[in-house]
Amino acid sequence: MKVLYFAWLRQRVGCDQEEVTPPASVTTVAALIDWLKTRSARHAEALKDSSVVRVAVNQEYARPGDSVGPNDEIALFPPVTGGSA
Amino acid sequence: MIRVQREDFDVGAEIEALTRDNPAIGGVASFIGLVRDVAGSDRVRAMTLEHYPGMTERQLAAIDEEARRRWPLDATLIIHRFGRLEPGDRIVLVVTASAHRQAALEACAFLIDWLKTKAPFWKNEETPHGARWVAARHEDDAAAARWQKP
Amino acid sequence: MIRVQREDFDVGAEIEALTRDNPAIGGVASFIGLVRDVAGSDRVRAMTLEHYPGMTERQLAAIDEEARRRWPLDATLIIHRFGRLEPGDRIVLVVTASAHRQAALEACAFLIDWLKTKAPFWKNEETPHGARWVAARHEDDAAAARWQKP
Amino acid sequence: MKVLYFAWLRQRVGCDQEEVTPPASVTTVAALIDWLKTRSARHAEALKDSSVVRVAVNQEYARPGDSVGPNDEIALFPPVTGGSA
């Protein structure tokens, strides 16, 4: 499973993307985030406030209960701020 | 039409190319977003727009499709830049063309409101206090929510 | 800024001139009205826009002033052409610039709705059935009435 | 007093503008239109439906009860149709 990080989440975790293999019990977005927090102190810190973490599964917005699988591209990022003033 | 690019764009040429040879078009609405030199009380020297290649194009295409479903549009264009930009630089261009002005105006406002809350871009500002990530604003969610169907 | 002229205008150059050297501007909304080749079920070969010189400038200036009273605008431009125009030709350009996109978008819609019911222009269309004066539409009054204060 | 005509009102009346001297009793827009109708059959025909006649006094929109005087520029025209589709 590929996990991508953007903006300050990328900076806090300290990496752009990583290939991970969570245990088989990790089948949802929420479970994946909880598992990612156990990978390092930086992960735990970056992901501690889930209200500012947005998730995309295969480039579509996803919710905590949505499922994730071994071949998915998961992206974690803060609320978007494109466009103009 | 959707474009995500580092390069600047020529507003007049883009509008001309979009509407040329279609005399059914009666109204063309457009919106250009520019980098401002202030954010709150701080000077902004520059900003860098990070994005999620692939998902950006996909989200912009979905927003564009939604606008075309809601309004009778003859042509649409969304260009969003990424990379480092300075005050006065163009960030984004939205153009909508329709037989009637109301459809063009509404669809243009819809597109700019929605891409602000849906397109995966993040702004990092360079201020005298250092670099910082721009926080999402509640007003933007409210602006986008105006377009939610009941 | 207000201009009433026979000549065409360059959209990109006009927008650029209006916003250049003002890095407080964050959003620029614009609207371009074009001559359509149909009116109802009839082909339109051309149209001639008659106007009331003097009153036109006065009314456009009043509409512009009203927009600036209602929204925090950094710059505005209204160009309206007169004379004979063919399908695809530009008729009118409205540009509004503000620190924030919402003000620019709303003021642009306001200006185009209001000039349609206030600016003394009359369209005469050349159709296969001869020349005819375009009748005012109730929808235009309704669109302008949206902006009436209670 | 100068009276200007535009669009189909100009065509029906058959003139762009005319210098007129109504009697002193004509002091309002409504009275002026009634008096103009007596000038010719073309005037009467052109001005017969007041619901489609708009009036400006000195280049500002005016209503039937507004006053008119000898030095005013009066314009009569149909509802405006500028802008775009």
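Read from first to last, the chains carry the letters A, B, C and D; within each, the first residue is number 1.
One rule holds for everything that comes next: a residue touches a chain if its C-beta (ideal position, glycine included) is under 8 Å from a C-beta of that chain, and two chains touch if they have at least 3 such contacts.
Predicted, not measured: the structure shown is a model, and the values here were computed from it.
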Any chain in contact with subunit A as well as subunit D: B, C
Interchain centroid distance [CA atoms averaged], subunit A/subunit C, Å: 48
For subunit A paired with subunit B, centre-to-centre distance based on mean C-alpha positions, whole Å: 26
Multi-chain contact residues (two or more partners), subunit B: 26-27, 31-34, 36, 99, 101, 112
Residues within subunit D bordering two or more other chains: 83-85
Chain-level touch network, classified as line, ring, star, complete or other: other
Touching pairs - complete list by chain label: A-B, A-C, B-C, B-D, C-D
Of all residues in subunit C, those that touch subunit D in their complex: 31-34, 36, 49-52, 54-55, 58-59, 80, 91-92, 112, 115-124, 133-136, 140
Residue numbers on subunit A that touch subunit B, as the complex places them: 4, 6-8, 56, 59-61, 75, 77-85
Parts of subunit B lying in touch with subunit C, wherever the complex brings them together: 10-13, 15-16, 19-38, 87-88, 99, 101-102, 104-105, 108-109, 112, 143
Of subunit B, residues touching subunit D in the complex: 26-27, 99-101
Subunit C-touching residues of subunit A, taken from the complex the two chains share: 83-85
